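Structures are listed in the sections that come next.
First chain A sits with chain B, and in the next complex the same chain sits with chain C.
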Partner chain A sequence: MTRHTGFYQKTAEASAKRDLASKLYVATYRQSDGRQAICPELGDVEHFRQLSADLRDHVLKNLDTYLDRLVANLERAGTKIHWARTAEEAREIVRRVAADNAVKRIVKSKSMITEEIDLNPVLEADGIEVTETDLGEYIVQLAGQKPGHIVTPAVHCSTQDVVEIFQKKIGYNGPADPTKLTKAARVILRDKFRNADMGISGVNFAVADPGLIAICTNEGNGRYVTTRPRIYLAVMGIERIVPDLEAAALMLKMLARFSTGQRITQYTTFTAGPSRDGEGPEQVHLVLVDNGRSGILAGKYWRILRCIRCGSCLNACPVFRHIGGHCFPGCYSGPIGSILLPQLLGLDKSFDLPKASSLCGLCGDVCPVKVPIPDILLDLRHDSARSGYGGPVEKIGMTVMAKAMRRPWMYRFGQRAMRWFLKPMSKNGWIRYLPGPPGGWTSVKDLPVPAPRSFLRQWQANNSDGQTTK
Partner chain B sequence: MTSNVLETIRQALRSGPINSTESHPLEAERARLFFAEADRKKLIDLFAQRARSSGASVHVVGELNKLSETIGTIISDGERLAVDRPDVISERLGSGFLNQLKESYRTVVARQLDREEIFKINVAITPVDFAIAETGSIIISAGSDRSRMSSLTSDKHIALIWADQIVPDLMDLPAQFKRVFADNVPPGFTIISGPSKTADIEMNLVIGVHGPGELHLIVLLKGIAGNPPK
Partner chain C sequence: MACLFVTCLGDTFYPGAVRATVNVLRRFGVEVVCPQDQTCCGQPMFNAGYFEQSREAARYFIDVFRRTSDPVIAPSSSCVSMIRHSYSKLFADEPDYLRAAGELADRTWEFSEYLVKKLNINLGELGARFEDSVTYHYSCHFRPLGIVDEPITLIGQIAGIDYRPIERLRQCCGFGGTFSLNFPEVSEAIVRDKVECIGRTGANWLIFSDAGCAMNITGYAHRAGRPIKAMHLAELIDRSLGEQS
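Then we have the complex of A and B:
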């Protein structure tokens, strides 16, 4: 039998939820439409994508140099730098900073890296109140769920879902109106900001020179988290760096346009270091997390590290639009998740992911930094077959197929044998059921009966000189 | 631990498929959409159009009376007004204007508010460091003489932009940053490009989540002011 990681089962469950797909459609199409409406004003979009890809490559090729510069410049501004090789080290660093400063209440701005290192549970276990302040992330946190999308975490929740979550968790008793719901959250979160001892965010970009930590939010929570509490701590993957403000400007031009179809997010907040004047944080910490990234950098899939987490490939993906983000065995989902998670978790726990693709190639076309997602999806399928994750049936089938493709007589014989084998199982020209492993196909799709004469024979008949075959 | 991660990265770069180091490939001019514009009116129009499309209100004002009038339409009775960088405002617009604000509204200076009082203001008036037409953005920095909280905690944010503070493209950010701050990098700054907003509940647009629900950008034409504040 074909082997599965559990992903397969989860996608089946997700696609059985009828309302999930419609919610995902609204969100992903809205964002895709936004991207398509705004990007033409860049003029030569391909030119901008290439500039951005080249820039990301340059950074990755000189990552050590730029990290050195970033660290030196931020330290000069008074920011404390921490290095973490693993998720566990990163969690310990944050715990220690919180403990050293007797932190009781933390406000967080939405961040994928803190999801990746699974930060909240260890802080909560230490008795610290951790509040997500991005509205979508707050909803998901109250519901005890995980984010369903890199950019819009509550994508799987309807307005009615939010009403029920708010009723249960924060005593909401208003109508099912997004504006009223948002205002209810605003009142509560404003107090959280006011009373928090520590703010935590991810990092959209760190600028090496001048040393700056940049985060983008539309709601303004990023400004609160970086400005109000007496301690601000940012967590970043080591690859999220740009050389200077020129490069930051280009990345900002691309990020929001490709993500939500805006020209720029409403607030882009830069932090160099602690405040020296009574407004703003007294301490600023930056945790630089490797967690497998240097391994990716050393391998053939290093271009994955170009990714700026805009979510564009999720919005474009016909598979993601059906299954959403919760099926994936990590916080990253969609096409980028399918190529990134195998690097972070190992192929043995994720060899199914690259198969969640129709290979339509849209994910590659909509990527602002030209991550070659479709190529990597194929290469990873190759890797997983090589490692034997396809199971014996696939292995035998593919071996026979490979042999037959190289021997025309065997290929022709195979075609005839297939027709002879399949014909009796058909009804009105369609095959609705096949026994054994091929049944996986017919359980969701009907198969047409092979034509009476193969393409090859038709070709030979129509081109009687028979040049193409021998 | 420091050398550990960096050393692993260096090793990865030595042993992996990528090892070439090239000079920074980005020429800022190649990433521009808008170039320096001789016609300032066109630049103001672009700024206004772009800012409006992200939800801001834009008022272009050429006289001091008109400015007072505009502010009057924004602030409601009884609302608390926090003024930021009053020195800059009175230097550019005259101390009479500042006094008039103090007489007309419950006015305080933003940086004189403590950590609790800053949450009790309704309207904030702030000058800006500079503005970008392409994205309809303003830049506000942190520093001992200015407030970064008032433009966040208020319900309405009024930003005063001198017309010649507007530059065409986001790619102008680095040069403006240098011009305004020289080598004194502020502890922080924010690019503000519209009111606080979200679409996290079924993609329904809601304005005024954590930050101000109203952003009023008042562009002051030349007759009203001289050079932009440093």
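Then we have the complex of A and C:
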């Protein structure tokens, strides 16, 4: 049998939940249909994808230079820079900033990097109240869950689910109406904003020249997080830089279109440093997190770092549409999660992820920065095969198959043996049960019996010279 | 003259589809030869990550087909995609085979692609007729080949046919080779969607272009107790052109 990690079991359970699939279906198609509707406005979409990929590559190849410029420019504007090699260092930095400033309440804007470094639990353990203010992220936080999607964290929740969560957690007693639910959340969140000492966000892009931290949101909560509390702290992966504003314009154009099918997000907020006129934060901190990125950059999978977390590959993926994000052993899910998590966790703990793909190729086709996802999925499968993670049965099967494929007599013998073996087990031309690895197939589908005579045998019988037909 | 690439699944499970491919090509004046010693292109091992094993099969495949310089035609998009796109990855470090693979890739065609892009066939002018309702399953591997609506164009040229477009045409059926063995439950959920979409068209026939997709879709439909009648596009065209050849 093929070996599996715990991921497999979770995918099997998730794909049995038809209600999950129908929620994911609506949400992912809404976003991918939006992308398909709006991208043609760009004209030559392929040209823009190539420009964006080239831009990302340029930044990645000159990352040290751009990081230096970014840091120098932000420091000049008064932003305090912190470097974190690991997730743990990043968490400690944030804890220290909070402790030094006697922070009691934090409001957050949705951020994948703070999920990656698992920030909230350590802050809460220090007795700090942490509130997620992105509506989707707030729902997920109330439910005690992890985000189910890189861009739309509550993708797995229906309106009715939200009603139940709100009833239980914030005493909501209104109807199942998204507007009413949003208003209920807004009342509570306004209060959280007013009383917060510190705001935390991720970073969509940092602009090296002039030094700017950019975040893109649709609800405006993100801008509130960066401006209302007396301290604003942003956390970013070191690769999320663009050289200048022109490059930022390109990335913003691509991010919104490929992510949610918008021309631009409702709010794009730029921060250079602390307030100079008393309105806005007294302190601005930026935590630059490596957490394995320089290792990825030095390795053969560096193109993964092109990713701008738009979620387009999740929305396009037929597998994601049935399993959602919670099966994944980390905060990143879908096709990008399947290639990124093995880098962050080690392939020995995640070799199942790259196999959970039908290789339909859509993830690669819809990526705004041309991360070659299908290609990397294959390379990771290869790494996994070489390390023996597939188990001995799979390896022997593949080796025997390869031997047979370069010996026509063996190929034909195998084909006929298959029919001799399968025919007695079949009924009306279909097989309902098979032992061993092919049993995966017959556990859910019937298998047709091989034809009585293969095409090549028919051809041979009809054409002794092997040149003509009939 | 054309050289037939039978494909292992076509050879084993759908000989009628391969026969129809030959018939259709011959109707259009293409003489077909078929190397008797061909086996498989190596895709199953390649997609499972067993590149070394795949390379063995691929080397043999190239040796068989480099004996001719005729166009190679296959009734499967995924096998053609393997030759056209994956061989260059497999043989990146073997200059001789890399060159041979490139040469082979340039003359390898998927069946409907050859009809539309090379032969410029118009079935309407040839009196093709088929009096029944059909829907069509688009194979994912058409995308890397740059084939978008060619098969549907061909179907549309057949007189009398009632073509029922399927929702979410470009959606995968969930086959994916070893994926369907390793993640059967996920594969089942995906193909269930596909079968429901097919059902909603109300068409009597499912027309397909890849044996893998066909086994997956009809195999699930049969298990679910709502069998689907399916035939390869080549079989549809062969039938629609009537008894001749």
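Here is the rule we use: the second predicted complex is superposed on the first by the 453 of 470 C-alpha atoms of A that agree within 3 Å, B and C clash if a C-alpha of one lies under 4 Å from a C-alpha of the other, contacts with A are read in each partner's own complex, and residues count from 1 in each chain.
Criterion: a contact is a pair of C-beta atoms (placed from the backbone, for glycine too) under 8 Å apart; a residue touches a chain by one contact, two chains touch by 3 or more.
Being a predicted model, the structure only gives us computed values, none of them experimental.
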**OP:** Evaluate whether chain B and chain C can sit on chain A together after superposition, giving fit or clash.
**Re:** fit
**OP:** See if chain A has more residues touched by chain B or by chain C, and give me that chain.
**Re:** B
**OP:** Examine A:Y224 and indicate which partner it touches, taking first as chain B and second as chain C; both and neither are also allowed.
**Re:** first
**OP:** Determine, under the contact definition given at the top, whether A:K395 touches first (chain B), second (chain C), both, or neither.
**Re:** second
**OP:** Classify the contacts of A:L60 with the two partner chains as first (chain B alone), second (chain C alone), both, or neither.
**Re:** first
**OP:** Figure out whether A:Y8 sits in contact with chain B (first) or chain C (second), or with both, or with neither.
**Re:** second
**OP:** Identify the partner contact of A:G440: answer first if only chain B is touched, second if only chain C is, both if each is, neither if none is.
**Re:** second
Original post:
Touching A:R30, do we find chain B (first), chain C (second), both, or neither?
Top reply: first
Subject >> After superposition on chain A, the shortest CA separation from chain B to chain C (Å) >> reply: 16
Original post:
So which positions on chain A get touched by both chain B and chain C?
Top reply: none
Original post:
For chain C, which residues count as touching chain A in their complex?
Top reply: 6, 8, 10-16, 18-19, 22-23, 26, 31-40, 42, 44-54, 56-57, 59-61, 89, 140-141, 143-144, 170-172, 174-191, 193, 215-216, 218-220, 222-223, 245
Subject >> Complex contacts: residues of chain A adjacent to chain B >> reply: 23, 26-27, 30, 41-43, 47-48, 51, 54-55, 57-58, 60-65, 67-68, 77, 81-85, 89, 133-136, 139, 152-154, 157-159, 162, 178-179, 181-183, 185-186, 189-190, 193-194, 210-212, 218-221, 223-224, 226-228, 238, 243-250, 252-253, 260, 262-280, 288, 290, 294-295, 297-300, 302
Original post:
In the complex of these two chains, what residues of chain A are touching chain C?
Top reply: 2, 4, 8, 11-12, 15-16, 21, 318-319, 321-323, 355-362, 365, 375, 378, 380-385, 390, 394-395, 398-399, 401-406, 408, 411, 415, 418, 430, 432, 437-438, 440-441, 443-448, 450-451, 453-456, 458-460, 463, 466-470
**OP:** Using the touch definition up top, name the residues of chain B that touch chain A in the complex.
**Re:** 1-2, 4-6, 8-13, 15-22, 24-26, 28, 30-31, 33, 50, 54-55, 111, 116, 119, 134-137, 142-144, 147-149, 152, 170-171, 173-174, 177, 185-204, 206, 208-212
